[in-house]
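Dropping the structures in below, format is structure tokens.
You will see chain A twice below: alongside chain B first, and alongside chain C after that.
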Partner chain A sequence: MNAAMMLLVISFAAPLLVLVAGTINARLVPHVAVLATALAAVVVGWSFWQPDAAIRWTWAEVYGLHFELRLDGLARLYALLAIGIGFLVVAYASRYMELHLHHGDRPASDHIRFFFFLLLFMAAMVGLVMAQDLILIFVFWDLTAIASFFLIGFDQHEEDSRSSAMMALVVTGVTAVLVLVGAMLLHHDYGTWSLPAIIEQGGIQDSAPWALLLIAIGALAKSAQVPLHFWLPRAMAAPTPVSAYLHSAAMVAAGVFLIGRFYPLMQQVDWLLDVFLVIGFASMLVGGILALTRNVLKQVLAYSTISQYGYVVFMFGMGGDYGIKGASFYVLAHAIVKSALFLTAGAVTEATGKKTLADIGGLRQTMPMLALGSGMAAAGLVALPLTIGFFKDELFFARAAQLGAPYMVMAVAGAALTFAYIFRFWTHIFLGREISPSQPISTWLVWPVVVLGLLTVLGGIWPAPFTHIAEAAASVSTNSPQKLHVEYVIAPIVENLMAISTWVFGFGIYWTRRRWWRVALGIAHLGEQLGPAHWYYRGLNGLNHLSDSIHSFEVRDLRSRVASILLPAGILVGLAVLVTPNANSFEIGPIQQSDFTLVIMLIAAVVSGLVVMTLRDHLRLAIGLSSVGYSLAGVYAFMSAPNVTLVAIVVETILSMFLIGMMVLMPRTILRFETEADSDRRSISRDAVIATVAGLLVFFVSWGALSRTSWNTEIIDSQTVLTPAVHGKNIVTVILADFRGFDTMGEITVITITLIGIISLLRSGRLR
Partner chain B sequence: MPTRDSLQLTGGMLQMGARVLLVPGFIIAIAIMLKGYADIGDGFSAGVIAALVVIVQGLAFGAEELERIAVARLAPLLGFIGLGLAYALAFVPVLFGYPILTHFPRMNEHAEHFGPLEFITPVLFDVAVFLVVYGFCVGAMMAVSRAEVRHQRLIRRARQRAGSRGGDAV
Partner chain C sequence: MTLVFSLAIAALFAVGAFLMLRRDLIRLIAGMIMIGNAANLFIMASALRRGRAAVLPGNGDEMADPLVQALVLTAIVISFATAAMALVIVYRVYTSHYSMDLTELSAAEEEQSERDEPESGDLVEQDIEEDIEEMPDDAKVGVLA
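Showing the complex of A and B:
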């Protein structure tokens, strides 16, 4: 079993193990989840010493689809984030969720749902980062969206939680469809679903730039980039471990991962890189300014994430060696420090019961370890020396400096904002005087933060392991081998000067906050009033209204219910009749002597049809209707089709019984009302016109269709020839089960759905 | 108007006919289905015939009788099993690289048979169609009859309550 296979198996086994443990005892679930992710973390660590590995199974070969996975440098980086950070988050959650469920007075069985979807998300991420087949990428991509929906909406009893989950699903789900469309366009241009094969063909063909744009939109929405960023701050309604995981290391990282995966193609489209530059910078700015104005801990971090992924997108836009290597290194460094800060927010809230910066302060004395761990992480995010963050900014600055002054200004502006809001975040929590007293908390809520903090410092002292991971990822993104080496240079080089000006400006922004505070709030307020979130709600409300008005028309009465189906169907069929070429159709064939009996039965059918029109009593109506069916069965009998006749009679009998059965269920008053109601002349003539038009339409459609078939018997002939070869003697059955078996599948699916509908409608008893 | 005696007589005849036809009806249905690939008939016709035989039991003996007959009680389940079987036949070949709904043995390959019954997957597919059609017809009728029984029970209870209170009957 190679490394790719090991990773895949262990990742997808983990959520299943949680389910199994849940059936034994719900309290076992957190322990099993910790063990399973620990094992996965060991495997992902081991995989770094293994050569690149691949899995390739053929499935649906006719469509050229393969289950093709590959553990390459890019996959290793993101799998490490998903599983490594995942392990720490699961360890944290094993204690946190117990308290969370306890506060909410919820059963221990809710553990199962939480850890199942968390681990399913992790598995989907592992699948996504290794997938090489375009359709497979889409499948795993969508799986992450589905799992995240259940995780964000975990506190389903809270309205805010539900609407946030829905918003995240709509934004990332709708844009996921764009990814699929992009994948299909690429397949159309390159003739393969395999991404490596497409990259190998080289060049950008016909519609490929548009395909890549669609994929980029999906990726940017997932990474919460402006203007599709609004779902992320709302998604903070989720329990803290979910925020820490999805919104630092996993879900938002999936977006920039996708850009990294398609980058060998994307870098060939210059205007697409410009799009990345614009959106990346806008996200840096918007996220940074809004993070400065927020008071809720997790909101500060959410906007910070938007801003930080803006950096990464900006770096992809700048391109070049430093840009791509820097982007990979940035994602790694950011995931470590940001998850530590999210976990800090959760631990602080757990200890004090408070969620906003205004209510929290001076915690360094009561929570020294947490202060130290998160302090290291915060230092990493603001890029102080001796942390991994220093190098992430150095690479960012190095590339900006290569491109010229405007880029340098943008880079320093973004980084200075980061310094300001993180400085505010950390100092308000841990320094100053104590505002709210804190309770002692479990060490399980602290040690993951300390580990992440130590990693931050380790990366600053010994960056080589981290740069190796990043260079392997960048080699995949650029499709050429890359080397990344970082070190401290104590000299007035341009990167160092930019870093120093970042700290100075950042501190300046923080220090002068009272002066610009109202302006920033005004910008935030304007964004809320006119921004994309506002249009999202308007769009959603509009759709709801449309759906409600169609629904209320449909359920008004039986007539409107039938009209809402038949009218659109009739219009469509009518249009189809009009545009269909009608040469050789609508011809009257000769009537021979042998057709005499047939004509008699047809007359009987017509007479039954006319009689039905005169009946008013419901029972007679049901019997009259069935006599139409029986006379048609007679027609089949005279056409020498005894089996069809038999089926027609049996079906007609069952239908009549069913019809009568339904009438028994109807309240008598309604039946009587319908029977005795005197229709006025106007409604009778209106019904007559509708019936005549509908009847004529059906007549012409059937006539056109029937007179056409006699001219083209090629398919029937070939099927007759093929029938013995496929072991059949009865061509009707062979057509139903084999030649047109897929149609039959559709039909029996509809029948089963109808049965489910009937049973669930009648479950509550008689119709009212 | 039929008299009370004539109603009893026809009821008795219906009951006898229904009971006598139950097993042969099923055997005919299954025969029509299994040999459908080699002769006239298929899963659909077999499904409606079997359903009719069972529904007639309900007509003759009442709704409670249907609840006693296992194949009637479990009809919806049989329908779902049928759909599952059809989907399995459609999608399992996909896992092995064949197109959707590929049948085995493939074209022109040798197929074992026992009399008119051939051991080929299309016959299984036909069984799936049989189960779905049977499940639908009987399941839908059962749903109607259960709804009516439940309704009658409610009325009876309401009457009893009204009676015990000495108020007006509902």
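Showing the complex of A and C:
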């Protein structure tokens, strides 16, 4: 069993173990979850000493699909984030969820749901980062969206939770479809579903840039980039461990992971990189400015995440060796520090019961360990020396400096905003005077933060292990071996100058906050009024109204129901016929001289059908109907089907008699009244249009189908051979009575039941 | 012949669709029968080969596809059964409402559902044929114009 297999098995076994433990006792669930993720963390650590490993199973060979996974450098980086941070978050959640459920008076069995979906999410991430097959990538991609829906909406009794979960699902789920479309286009261009094979073929083919753009939109939506960022702050309705995990290390990271996975192709499309630059910078600014104005702890961090992933997207846009290595390193560093800050927010809220910066302060005395741990993490995020964060910004600045002054200005602006809001966040919580009293909290809510804080400092002192991970990931993203080495250079080089100016500007922004406070709030307010979230709600409402009005039309009466099936079906099929390439798929078919009689009978059937439409009274209607039926019986006769002809004539005769018999039972006045009620000109032309559309639909469908009948006549031959064996001569009757005897039995049963029904309905007389 | 068959099938279907959209219940059933005819013709036209009647012993000529004929036989009989059943139900509708006009019938239905439970319009969503059987007598007076 190789490393890829081990990882896949252990991560998908974990949610199942939780379910099993849940059936025994719900209180066991957190412990089982911690153990399972600890085991997975050991495996992922062990995998770093293993060579690249692959799994390749045949999946759906007809379509060229393979269950193809590969543990490469990029997969290792994101699997480490998903499982490593996942382990710490699960450890934290094992205590936090107990309190959370206790506060809400909820049963312990809710643990099962929470940990099942959390671990399912982890498993989906592990599958996603290793997947190499385009469809497999989509499957895991969607699985993360589904798991996150249940996690964000975990507090399902709250309306806010539910609508936030729905918003996250709509934004990431709809864009996931774009990823699928992109995958289809790539398959169409390159003829394979395997991403490594596509990259090996090299070059960018006709529709590939558009395919990559679609995939990039999916990725950017998942990474909460402007203008599809609005779901992330709303998703903070989830319990804190979910925010810490999904919105720092996993779900949003999946977006930039996807860019990293497709980067060997994307880097060949220049305008796509420009798109990354624009969106990355916009996210940096929007996220940064809004983070400054927020008061709720988790909201500050949510906007911070938008801004930080804006950095990563910006770096992908800048490209170059430094850009890509920097992006990989940035994701790693950011996941560590941001999850620590989220966990801090959760612990602080748990201790004080308050959620906003204004209500919290001076916690350094009561919670020194938490202050220390989160202080290290905050220092990492604002890129102070001796933390891993310093190097993440160094690489960012190094690439910007290579590209010139405008990029340097943008980089410093983004980083200075980060400094300002994180400084505000940490100092407001831990410094100053105590505002609300705090209770002591479980050490399980503190030590994960401290571990992450120590990791931040460790990365600042000994960056080699982290750079190895990042360079292996960057090698996959650029499809060429990369080396990454960082060290402190104590000299006035341009990166250091940019870092210093960042701190100065950042502190300046914080210090002068009273001056621009109103402006920033105004921008935030404007964004709420005119921003994408507003259009999301408008769009959703519009769709709702549309669906309501279609529904109310559809259920109005039987006719509108018929129309609302026929019309859209006709239009959709018509569009499909227009759009799909269909050369040679319609054939006229040979007409022999002997077909002459057949054509005559068909014309007779059609003409009598058209006449039936125009008839106004019911007796002629009945006669017209039967003349259609008899003409068709003639058609069957000339198609050498004597059995069918006989049955058709008998049935048609009975039906005509039945129809006429019905008319005898009804008074003339009613029948005449009905015919006149229908002769409204407008309704006739409307119905004629609908009928024409439906007829065209059937024409194309049946023509297409009849042009492509099977050439395999084995069944006919075998039935011909078998017929003497059952002592029959007429193959059709033998099929009915013998080969498909059960069918005929069922048919006879239906006829009998109908007969009983008809008799009882006719006999029971008038109701009044 | 493929094209000729498809044209005929489409024409029969379009006539059936037109009849189904009428207000008159009998025409609705005529539409059902017509669409059934179109379907039967489609099955027959999808025969893999044409030739003499599928009766043994053969004289060496190619035989028509017997399978589609068997399928059409079943289809004809079943569509006849549904048409007959529908006709009888229409007759029952007439005996209880003295009308075969869909517009009038749905108006009556709405009136009835308003009388039963003023808040709910759910009854409108059910099939007319099913509902009318269960209507209490007093509701039907209003229909008789």
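Definition applied: the second predicted complex is superposed on the first by the 551 of 768 C-alpha atoms of A that agree within 3 Å, B and C clash if a C-alpha of one lies under 4 Å from a C-alpha of the other, contacts with A are read in each partner's own complex, and residues count from 1 in each chain.
Note that a contact is a pair of C-beta atoms (placed from the backbone, for glycine too) under 8 Å apart; a residue touches a chain by one contact, two chains touch by 3 or more.
The model shown is predicted, which means the values in this text are computed figures rather than measured ones.
Legend: residue contacts after superposition of the two complexes on their common chain; A:Val647 is shown touching both chain B and chain C. Judged by the touch definition given at the top, the superposed model places A:Val664 against chain B, while chain C stays out of reach. Using the contact criterion defined above for the overlaid structures, shared-chain residue A:Gln719 touches chain C, although it does not reach chain B.
Of the two partner chains, chain B and chain C are each touched by A:Lys729.
Within the superposed three-chain model, A:Val635 lies in touch with chain C and out of touch with chain B [touch as defined at top]. After overlaying the two complexes on the shared chain, residue contacts for A:Glu61 are found with chain B alone; chain C is out of touch.
In the superposition on chain A, contact of A:Thr754 is made with both chain B and chain C. By the touch criterion stated above, A:Thr744 is placed in contact with chain B and with chain C alike. Between chain B and chain C, the partner in contact with more residues of chain A is C. With both structures placed on the common chain, the touch criterion links A:Leu602 to chain C but leaves chain B unconnected. Chain A residues in contact with chain B (one complex) as well as with chain C (other complex) are 642-643, 647, 651, 654, 658, 662, 665, 728-730, 732, 736, 744, 751, 754, 758, 762, 766-767.
Across the interface of their complex, chain B is touched by residues 58-62, 642-643, 646-647, 650-651, 653-654, 657-658, 661-662, 664-665, 722, 725-730, 732-734, 736-738, 741-742, 744-745, 748-749, 751-752, 754-755, 758-759, 762-763, 765-767 of chain A. Looking at the complex, you find that chain C touches chain A at residues 1-15, 17-28, 30, 33-34, 37-38, 40-42, 44-57, 63-67, 69-70, 72-74, 76-78, 80-85, 87-92, 94-96, 98-103, 106, 124-125, 127-128, 137, 140. Remark: chain A residues 555-559, 562-563, 566, 587-591, 595, 598-599, 602, 605-606, 609-610, 612-613, 618, 621, 625, 628-629, 632, 635-636, 639-644, 647-648, 651, 654-655, 658-659, 662, 665-666, 670, 673-675, 677-678, 683, 687-688, 690-692, 694-696, 698-699, 702-703, 705-707, 709-711, 713, 715-716, 719-720, 723-724, 728-732, 735-736, 740, 743-744, 747, 750-751, 754, 757-758, 761-762, 766-768 touch chain C in the complex. Those residues of chain B whose C-beta lies close enough to touch chain A in the complex are 36-45, 48-49, 51-52, 55, 59, 76, 79-80, 82-83, 86-87, 90, 94-95, 97-101, 103, 105, 107-108, 111, 118, 120, 122-123, 125-126, 128-129, 132-133, 135-137, 139-141, 143-148, 150-151, 154.
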